[in-house]
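Shared between the two complexes below is chain A, which pairs with chain B and chain C, respectively.
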Partner chain A sequence: MPSILEELPRFFNYYNSIFLAKAFLYTLVLSFVGCGVGFLAGFVLAILRTRRINRWAGLRWLATLWVEVWRRIPFLVKLMVVFFAFQFAGGNVSMFTVAATTIALSASAFSAENIRAGIESVHPNQWDAAETMNMGGLTALRRVILPQAWSVIIPPSMTYSVGLVKSTSIASQIGVLEMTSVAKILNQKGFSAALCFGSILLMYFVICYSLNRLAAYMEVRLALPRNR
Partner chain B sequence: MNYTLQFGQVTPYLWYLAGGAWIALQLAVVAFIIGWAIGLVCASITEYGPKPARIAVRSYVVFVLNTPLLVQIFFIYFALPDYGILLDSYDAVLIGLALNAGAYMSEIQRAGFRSIRREEIEAAETLGFTRVQSIRYVVVPHILKVLYPPLSNQFIIITMSTSIAAIFGVEELTGRAYNINSITFRSLEVFSISAVYYIVLTIVASTILYTVGRYFFRIKGSVF
Partner chain C sequence: MPYLEIDNLSADYGKVPVLQDINLAVERGEIVSIIGPSGSGKSTLLRVLTGLLKPRAGSVAVAGEKLRYDSPKDLRRAREKFAIVFQQFNLFQNMTALRNVTIAPTIVQKRKAAEVEAEARALLEKVGLSHRIDAYPDEMSGGQQQRVAIARALALKPDILHLDEVTSALDPELVSEVLDTIRLLADDGMTMMIVSHEMGFVREVSSKVVFMADGRVVEVGPPEQIFDNPQTQRCTDFVSRILRH
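Coming up: the complex of A and B.
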């Protein structure tokens, strides 16, 4: 323990601090972009799976298949598949794109499930009522169903996003400079492993804990009056 | 685009990969059992323990839940040797998986404990049950029924997390996929096949767990 305390000032020198801060931002941006794109994709998938809007069963099954497939592949394997699939397609893309795509694929699968659960939580009579008011499927979704569904969609989606922030650590395997790979680099430079990995554990904790608290707050805040 | 898919080069290794899936499953089962025990102890302490122990257990659970499994195993594997704890990669991964699963299962089982209501035990007492009988015939069946679905879900999550072991050189499914990749260089083929293995593995596990839950705990629901 004393050796770590002696090493502290040397570890948190100017360059290492900048390096770690950049990695912190990188992790945040990577998670944010991945989750954002994934959430939008999940939204489209959830709409495709809603019987009231998409009446073509084939497309519904395809959306279900997509969700089931990406939900059941571990992040590391998914990352490798995406990495080599980009190579196969011949695109010369950055590692950030590969990592963000992998996160977006995972996010699309889980948010499709969450959004579907949210849409299904609204009583089916609401759809009938909207139809009586001469609303089309999408209009009913936007004006009637979604305003009541957000409180079911948002909190679990945020909790799952925390899981994806944690998954970004696996993206260190393809060499994007997020926190875990920075910790590995600093460790190889000779700083003690306890300090390198301990400090990024704390940084991950800061992100994930605050996101989890926010999710818990939103759950209370968004709760419909009847559930309060 | 000058890469043609050649699955033929990977097919000789399909049994080798299946062996990897078996190792991954073993790792998951052991991690699940240890994690379940850790979770049970932690959940009991958080619900019924003295305050200092409760705070210690809560901080372990909250810390583990909010940090990535990969970095936790990195810490166990690379930082602990400085303090005289030398673990080989399999043990480090197993301990990491078990500690991680323990935190999650502590939360699950705590929710299970909370679902018992005082009225149930009082009703059992009214019927003349002894304490042991009311636990055996009222509390345990109830808890099992509440806990079974989230715990089986957790098992699937652990099964997928075992792929992280590959990063530490354990030759389970993903580790063996890495090996085949470095022999054949058919990267996309190898990793998409191992992805299919994971899908099949988790679907088989879900189906078995669902069937067991259906016939032993009368839990309604579906595999997907």
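Coming up: the complex of A and C.
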């Protein structure tokens, strides 16, 4: 214990602090961009799959394939697939892009299912009423269906996002300088494991706990008015 | 020329024929009731007219204008002619009574918000719900919800109003408040097609009663004919069965 206390000032020197802060930001941006893009893509996929429009049949089939395949593959494998897909395509992209794409891909497949479940939890007679009143599909979705679906969509989305934040640590495997890789590097430089991993443990906790709080807040904000 | 003219209208669910060669004429201001056993296609007929199910064949015209149910544009045009009130009310659960009434006129018909709101308040007063303007559907009784649904349909200013078993989901003591509301509309000269099992009411308000069975119109006539002197065996059986209890 005393040795750790002695080590503390040395560990949090200027260079290491910047290094850790950067990793923190990296993880944060990686998660945010990945989850954000993934959620939006999931939305499009969910709409493709729930609306029975005949001229969309081909797209619907593709959307189903996409969702069913990516949901069943472990994160590390998806990471490799994306990595090699970029290589194959000849794109010279950063490891950050590879990791963010993988997260977006995971999130899109999960969100698609989750948003679809939310949309389907709303009674179909709500669509009927909107349709006979000449509301377009997207208007009905935005004004009538989604407001009733958020309470189903948000909790699992947030749980999943927290899981993805944790999965970003796997991106250290391909050399993304996120929090876990930085902890490993500092540890190899001779700083004690307790400090290296203790500090990123704290940072993961901060991110994930904030996400949980955000989820709780959104649930209240987006709840049907009478349930507030 | 009749106000609403339905010619040889047919529709299927998947491959199953549900409506077959429906012919029907409704004059302006007329109230036509549709009766018949469950599963005979009454709801389906209204769903086809209001653009929820594409017809397979036949034609529909309102005031001489032929309605098509093909392109999105045709569908919009057809739906502008009609409004429908459903058995299960189908009020938007996330909106107050007032918002339920104002949303389509403002969002879809793009009319002025202030004007629409004034009209909506008047309509809600007409159906006896001035005091529940800010209530959400699940805070209201079934009878109140159904009256909001009627106000919502009227706010669209339809040429013809369709009512599909609007009292069937209500507790018995709430039926009369909804029927009273429909009587008000009848007094205003609203053209209506009413699917109902309330035979006393049907007899009272209808100018014409349509008896349907197995997706076909079996008999059409004034209420006295259908209830007292039906011309077909199926109608006789149905009426005697239903009037006995």
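Heads up, the rule we're going with is that the second predicted complex is superposed on the first by the 209 of 228 C-alpha atoms of A that agree within 3 Å, B and C clash if a C-alpha of one lies under 4 Å from a C-alpha of the other, contacts with A are read in each partner's own complex, and residues count from 1 in each chain.
In this section, a contact is a pair of C-beta atoms (placed from the backbone, for glycine too) under 8 Å apart; a residue touches a chain by one contact, two chains touch by 3 or more.
Being a predicted model, the structure only gives us computed values, none of them experimental.
Visitor: Touching A:N212, do we find chain B (first), chain C (second), both, or neither?
Guide: A:N212: touches chain B, not chain C.
Visitor: Looking at the overlay, does A:R72 come into contact with chain B only (first), chain C only (second), both, or neither?
Guide: After superposing on A, A:R72 lies in contact with chain B but is clear of chain C.
Visitor: When the two structures are laid over each other on chain A, which of chain B and chain C touches more residues of chain A?
Guide: B
Visitor: According to the stated criteria, A:M133 is in contact with first (chain B), second (chain C), both, or neither; which is it?
Guide: second
Visitor: May I ask you to decide whether A:V182 touches chain B, chain C, both, or neither, giving the answer as first, second, both or neither?
Guide: Neither: A:V182 stays clear of chain B and chain C.
Visitor: Identify the partner contact of A:N125: answer first if only chain B is touched, second if only chain C is, both if each is, neither if none is.
Guide: The answer is second: A:N125 touches chain C but not chain B.
Visitor: Please indicate which partner A:R143 is in contact with in the superposed arrangement: first for chain B, second for chain C, both, or neither.
Guide: The second partner, chain C, only.
Visitor: Name the contact category of A:A104: first (chain B only), second (chain C only), both, or neither.
Guide: Neither partner.
Visitor: Which chain A residues are contacted by chain C in one complex and by chain B in the other?
Guide: none
Visitor: Within their complex, state which residues of chain C touch chain A.
Guide: So the residues of chain C touching chain A come out as 50-52, 76, 79-80, 82-84, 86, 88, 90-95, 103-104, 107-108, 136, 138-139, 156.
Visitor: Over in the complex, which chain A residues touch chain B? Could you list them?
Guide: Result: residues 64, 68-69, 72-78, 80-81, 84-85, 87-90, 162, 166-170, 172-173, 179-180, 183-184, 187, 192-194, 197-198, 200-201, 204-205, 208-209, 212 of chain A touch chain B.
Visitor: Where on chain A is chain C touching in the complex?
Guide: It comes out as residues 125-126, 128-135, 139, 143-144, 147-148, 224-226.
Visitor: Provide the residue numbers of chain B that touch chain A in the complex, in ascending order.
Guide: For this pair, the touching residues of chain B are 1-3, 5, 62-63, 65-72, 74-75, 78-79, 81-83, 160-164, 166-167, 174, 177, 187-188, 191-192, 194-195, 198-199, 202-203, 224.
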